[in-house]
Structures are given as C-alpha cells and as structure tokens.
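I have placed the structure first, in the form of structure tokens, so that the comments after it can refer back to it.
Order of writing sets the chain letters: A, B, C and D. Residues in each chain are counted from 1.
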Amino acid sequence: MLEALKKEVYEANMLLPKYNLVTFTWGNVSAIDREQGLFVIKPSGVDYDRLTPDDMVVVNLQGEVVEGDLNPSSDTPTHTVLYNSFPEIGGIVHTHSPWAVSFAEAGLDLPAAGTTHADTFYGPVPVSDTLTQEEIESAYEENTGKVIVRTFKERGIKPMDVPAVLVQDHGPFTWGATAEKAVYNAKVLEVCAEMSYHTMMLQQFANVAQDVATPQYLLDKHYYRKHGKNAYYGQKNN
Amino acid sequence: MLEALKKEVYEANMLLPKYNLVTFTWGNVSAIDREQGLFVIKPSGVDYDRLTPDDMVVVNLQGEVVEGDLNPSSDTPTHTVLYNSFPEIGGIVHTHSPWAVSFAEAGLDLPAAGTTHADTFYGPVPVSDTLTQEEIESAYEENTGKVIVRTFKERGIKPMDVPAVLVQDHGPFTWGATAEKAVYNAKVLEVCAEMSYHTMMLQQFANVAQDVATPQYLLDKHYYRKHGKNAYYGQKNN
Amino acid sequence: MLEALKKEVYEANMLLPKYNLVTFTWGNVSAIDREQGLFVIKPSGVDYDRLTPDDMVVVNLQGEVVEGDLNPSSDTPTHTVLYNSFPEIGGIVHTHSPWAVSFAEAGLDLPAAGTTHADTFYGPVPVSDTLTQEEIESAYEENTGKVIVRTFKERGIKPMDVPAVLVQDHGPFTWGATAEKAVYNAKVLEVCAEMSYHTMMLQQFANVAQDVATPQYLLDKHYYRKHGKNAYYGQKNN
Amino acid sequence: MLEALKKEVYEANMLLPKYNLVTFTWGNVSAIDREQGLFVIKPSGVDYDRLTPDDMVVVNLQGEVVEGDLNPSSDTPTHTVLYNSFPEIGGIVHTHSPWAVSFAEAGLDLPAAGTTHADTFYGPVPVSDTLTQEEIESAYEENTGKVIVRTFKERGIKPMDVPAVLVQDHGPFTWGATAEKAVYNAKVLEVCAEMSYHTMMLQQFANVAQDVATPQYLLDKHYYRKHGKNAYYGQKNN
C-alpha cells in the first residue's frame, strides 16, 4: 500500500540527520496522496539508524491508522489538521532544530533579515499564538495544528508563501509540495534563524565596529609580510 | 566479574565522543548492580581511543576498588555519594560539555525554556550551591556529591524528575535508570543549554526584530526570481 | 572550448562545500580567460553532488552565453560587471556563508579586528550601499555588480587590496587572481567574520571578566589534582 | 639529524587540523632538543595535506637555519625568543583558533571561569601588552616573543603554571614540556575560550532566566506524554 510514497517519506526522514536537523528521534516527516486521502508518516520514537521504508505508517484524514505495525509519530494529529486545512501542501516536517527552536522559545517571528530568507519565505516566519491551558490538556497535538492554522488565517499569510511556522515555546513545522521540499524548507529555516540571530545581535552593537580596530601599523605589517615584493611568508616558489 | 555491566559501561562511555560531549578524557560514565552493591566506572585519564571493556574498574558502595588494574575516575567519590543517596538511579555521567558548563560557570539554573526541555526534565535543571573552602580542601569529590544531594533536598526536586545538575563553577552530572539513559540525558542537557542560551539572548532583544527588516522590494525580487511564472533561477526542467 | 579553465572552475566550485561555505546550491564560482575575453561559470541551481566540469557555462564580457547546455548562474550579470570593471581579477566567488551574511544583513563593514584579517584584507571589508527600488526592479543582478564597483570607487578602495565585499542585505562576493584564490578569500572572510563577531560582543562586556572568576581555592584544587607531586588524576605510569 | 624529533614535531603539527585548531596553514608547532640547543619547526605556508617529517626545518638558538630545504615558519623568531627565555619549555604552538583569537582581539585576559580552566591553567591566561609601532616595524616576530616574555615577567606569572598567552590583536601561543603537550594546551585554551565567552554573556543576563520560562501546563504535557503510566510517545515495547 502506497509503497512509492513510503519510500519517499522514508528518504525524506533520512535527510533530517544528514542535514543536522535532529537530535536522537526528535523529528518527523510525512507526505500525502491527495487522491486517496491518505498520508504516510514516520513511526514514533524509532532511531534513524534502524528505520526502514516498511516502518512507515499509513494514516487517513481523520487521523486513523490504516496500515502499519508501529505507532505513528505522536505529532500525527498536528499533521492531520495541516493536511485538512492547507490543501496545497504535499509534505510536512517537524524538528527541534536548535536555532529555530530558540526563536520559538523567545516567542519571536523570524524576521526577513535578508535575501537568503527572501529566496524561500515571502515575509517573516510567524510565531504561533500560545496554546491555552485547556487546549493543551484536551487535545494537545490536534490543537497545535489548529493554532498554526489560526495564526496563518489571522495574519493573512498564505501557507505556500511562507511554508513554515514557529510553534510558541515548542519549535518549527515546515511544509511544501512534497516531503523533500518540506525538508528543504526546514533546512533553510534553520540556516536563516542562525543568520538572523547574529544579525540581530550585531544590529544592537553597530557602534562597536570602530572600537575593535587594530593599529594601522600592525595591519600593515601583517598584510605586507604576505603580499608585495617584500613578502617573506611561505616558500619562494609559491 | 560483572562482565555484562562492564561492557554496558564501556559502550556508554564510547557514546560520549560519538555525541560530541567530551574533549580529550574529560568525562566518565558508571553503572551500578544494585543487588551486589557494586558499580563499574571508567578508569581515570585513559584515552577513549584506547579504552576497552576490561579497563573498567569495579567499586563498592564504600568507594573502594574491588577489581581492576587501573585507577578509577578521580570523580569516583562523587558517583559513590550519588548511588548511596539516590537509590532510584542506575547510571551516572559526568562531562565538561561546553554549553552546560557555561551555565554552571555563570551560576545559573538551566531554565525550562520550552518543550524540548520539558520532554526530559520536569522543571529547571538546578545549579548546585557553591562548595565552601573547607569542603573543597577536605574531601573535594565526595563533597561534590554531597552538595548535589543537598541541592536536590533543599529545593525539593526528585532526582528522577530532573535527572541532571549543574555543579557550580564546574559542570554537569546526569543520571538515569541505566548508563545509556544517563548519557541520553547528558546529550539532552547540552542541546537544551545551547537552545536556552540563544533564547535568553533573543529575549533581551525582542525589540530588534523590526530593525533588521530588509526593504520589501528586495524581498520581492529574491522571492519571485525563484518562485512563480517569472522565476529564472535554476534549470528549465526543474 | 576552454577545457582547462572549465576544470579549474569546476574544482574551485567543489571547494565551497569542502570548506563549509554553502548550503544546497547557494554559491557560485567563475574564472576568466582575459586573452579571449570569456569567462566560465557554474550553472544555476545544480547540486554540487551532480556537478561535472562539462556542466560549466562559457560567457562573454557582454554577459552572453557562448557555450553550454545549462543556464548559467543567475548571478552571471554581477560577475560580468566585476570582470569588466576590475581588470586585475581572474576569479569571482559568491556565497551565502552565514557569518559574512550576518554582517551584510546588519549593514556593517567587517572591521579589521586583528592580524588574521590583515593577513588577507588591507582594511575593513566594505558593506555596499543599498540598491534603490528602481535598481532592483530594472536589472537586479547587473546593478548588484554596479553597486559593488561604486562602493569601491567612492571609498577609494583598490579591489586587489580588499578582495571582498558585503552586498547589503544579501551576502559576500570575493575575488582574486584565480578562482582558487577567490575561494581562499571567501573562506578567510567567513572565518574573520566569525572572529570579529565575537570580538565585538566581548568588547561590549570588557568589564565582565572579573565577575566570572571562580574562587581561588577551587582553582587550586583542580590545578593541583592534575599537577605536581600530590596529583591523583590519571594513571601512575603517565 | 634529529630524525626522532622531526617525526614528533610533524605529528604534533598534524594534530592541529585533527583538533580543528587551524584554517589553511595558519598554525605551527616546534620542539627543542635542549642538549644540542636546536629546535625543529614547521616550514612556512606548506599545506598540512602535503607535509612530511622531512619537511621540518632545524634551527639553532640564534634563530639560524641549520638544516632544511624550506623556509621555516615566519614566526620562527618568536619561538627562538621563547626557547631562550623559558628554559622549562620543550614545545611551542601558535594557531589562529577563533575563540582564543576573539579574546586576543578584544584585548581581554581569558578569565579563570571554572574548573575546566583550572585543570590546565593556574590563573587567567594573560593578554600581552600591545607592541609599539617601532617594535612592529623593526623586528616584528622577535618582538612578539619579547612582549610575551615581558608580560609574564611584569605580571609575575610562571610560564609552566600558565602555559599560554594571547598576543594582543593577534592570537594564542601555547607551550609545554613537549610539542604534544603544547598542542594539548592549545586545544584546552580554545575550549575554555568558548566556554568563558558564553559564561560572560550569561553573567550579563542573569536576570533573564525567569522571563524565558514556559507555562507549567505545557511543561507538564510534554513531560508526561513521554514519562509515567499515561505516556504515549514511542512504541509499546520500549
């Protein structure tokens, strides 16, 4: 059942450790077959080293397991809500990648700080509203999906324009036309979070640049011992 | 003697370099056989490259070496105190992993900044009290164990709810039901310390996000040269 | 056509992932044959894993493709402007390496903070002026080249004295006598950006050093348990 | 001539890339034969990939090359001064490792922020005085050695108690009884600089910890979905 999609989802899951996006089993990827209304997702808590395509679990759009011996990811209800609410998307990724998590924990949008961000995300990546105590205690993972959808609706963001969200105090979900593109977006998000963090810190200290300058005569010495006719670094035949 | 446990402790020790938790020999793992009242610990100052299961040292709950040609870890008295005081624990890890050490050196609890932390630690990871000069000069490693126990008692924390501590000005100890789970907790602690550090910095600068924004027309250009019908990045058949 | 140069450009491109300067396909290298007035450049959006010397595209100094089945890098017009305006240069590199990007996004020159910088760059690496909306919407990549040239002219910097620029809100371009030297400069820029970032942060907090000091008796204990005649760390025969 | 020492120095040099302490050729190691009054040092500007034991250069305590086809490291006069002034030392290392460089560029001692530091360095690692313009323009590398010696003398630090220095605006030199121990100290210095940097930043923001706390009910949810009798993360047989 859905053997090709299982292989695709398996391979997309294996990209997470390859791209340094997961610690232990803290991540999951799914992809949907829209015609059949079924999606394939990673089993819960299984090591990437031992994962096989056959371990993948098939789930319907009511969130019920249709095929598979293992429990699906505990985040399956979140994936279910997103597939139901965002009909354009074909794959979903959740990770705890550290730079993106830090923005989620700080409750900050990831700002569109430069063109690396703009190449993939059309505007800031929003941080979701906080879930209420009742939402968490009743149907936590389902409500996580709902708060993502609500955030996009309230802020008027189209899911394919900004295929990522930072769930407050938790971490990132990303999506895309396929599982592989959702993983691509998860990596871009992490790299942009790293860049924006440092940009934001530098912005605070714009005035420091002059203070760190080195005396000109020391700069001269180092530059000219490597360049020009009096250079003496390295070997003669270089 | 305790050959299976030696192998288990050896393998748990070898996870420390695998998970990037140690520099040189700066870490040690032990595990206890509760029935026999004996624990197995890494020898002191031996390179991980040269370590074998047979090098492991067997120690009793009075901290005396019972078997082994090599000196046990110099932190053995700390392990002894912890095994005697925390009867639920089966394995202990000590490292100088850099993010956790920074919180220990700064004398700060690791705050429960998000769900990655909550998945493993039920509340902040406490920083211990400072040892007094007398405690350090008399029986340093034993008193390190005692200050950990005292910290958990005074703050009413159960050792299996928060299986980790930051020894002030020193570094982390973690524990768990087994040596392997203690190493797992050591890795989670390091990742959470990295995340919380950046969260705390971002929290200070929440207002900076707007300042780093890029002009909308530049964001437009980059997004639309990769997306939509006028995109011209990449190859036509992509 | 230009087979030796294609191989050289191919190999210089492959140094980008080797030196950790690119994520996915976010980088490109070119090199010029000044006699023939032709340059060779990486094709747009092709994975480094699948790249071959034959994929390289030959372009003339009017920016027109002369040979090659694939689209050249979308940044080709920037390279064209630089080769026309800076006759001393033989190779050009563009990356989105994260530390350099952070300075570009923050709109800050990379200060000459020490001798590591001075060994390669004679003075600060300038951040370019911002492109106007009209410059971006008309001929973005060509105008990116022009704003680089304008920045060097206005500030009186010779391109071979400081073979690098930070394009505002975008990222670094570097160059050199050859493609390989341009890649070398791209790596130096990234390392110097990392160093300067931390230098600038430390400079702000110069007064903190005393506060982090550890009690002398704890320092004594740790030093002397590893050194001198009463040391007890490690094995006797060490 | 000194074949065993050449091999030792070669191997110590090869540890620099292994320990991630160098970019390109930015580092050098030497070791001395005190009986013969000769030391062996890495040649200048040769790639680590192509280095062999036979490339090592033999130098006397007047700084003159005694054997070797290649130019010795351009920092040879610094090594010469240190061997003449510090008779206890047997090996010297110079690198541009990024964390240590940042403290050197900021002109800050590396504070003794914890026990990781105290295990190797008995007190802060001093930053040297700045060289005067005349010292730089006359005999730069020799005067770099002299400013190190002057710094230790003025501050009353014994070279074997603190086997490291941060040359202002430049970077670290370390030493030890052998070349291998000097490399060990170079790695410890880099790790301690990384730890102290983060400790110093955290110290500034001690009050932020509370602000980053996550609501208790969210922490509860995450902890108890993985622990205790109602846990539902992972597979049943775990």
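Some notes on this structure:
We adopt the following convention: a residue touches a chain if its C-beta (ideal position, glycine included) is under 8 Å from a C-beta of that chain, and two chains touch if they have at least 3 such contacts.
As the structure is a prediction and not an experimental result, all values here were calculated from the model.
Note: the chain lying farthest from chain D is A, by mean C-alpha position. At the chain C-chain D interface, residue numbers used by both copies make up under half of all numbers present, so the two copies contact each other through mostly different positions. Chain B and chain C have Cα centroids lying 36 Å from one another.
Chain geometry summary: the mean Cα position of chain A and that of chain C are 25 Å apart. For chain B, residues that reach two or more other chains under the stated contact definition are 105-106, 113-115, 169-170, 196, 199, 201, 203, 212, 214, 218, 221. Chain contacts in this assembly form a complete graph, since each chain touches every other chain.
Interface residues of chain D facing chain C in the complex, by the touch rule stated above, are 23-24, 26, 96, 98-99, 101-109, 111-115, 117-124, 169-171, 196-197, 199-201, 203-204. Those residues of chain D that touch chain B in the complex are listed here as 113-116, 119, 184, 187-188, 191, 194-196, 198-199, 201-203, 205-206, 208-214, 218-223, 226-227. Put simply, chain B touches chain C in their complex at residues 43-46, 70-71, 74, 105-106, 130-131, 133, 136-137, 140, 169-170, 212, 214-215, 217-218, 221, 225, 232-236, 238.
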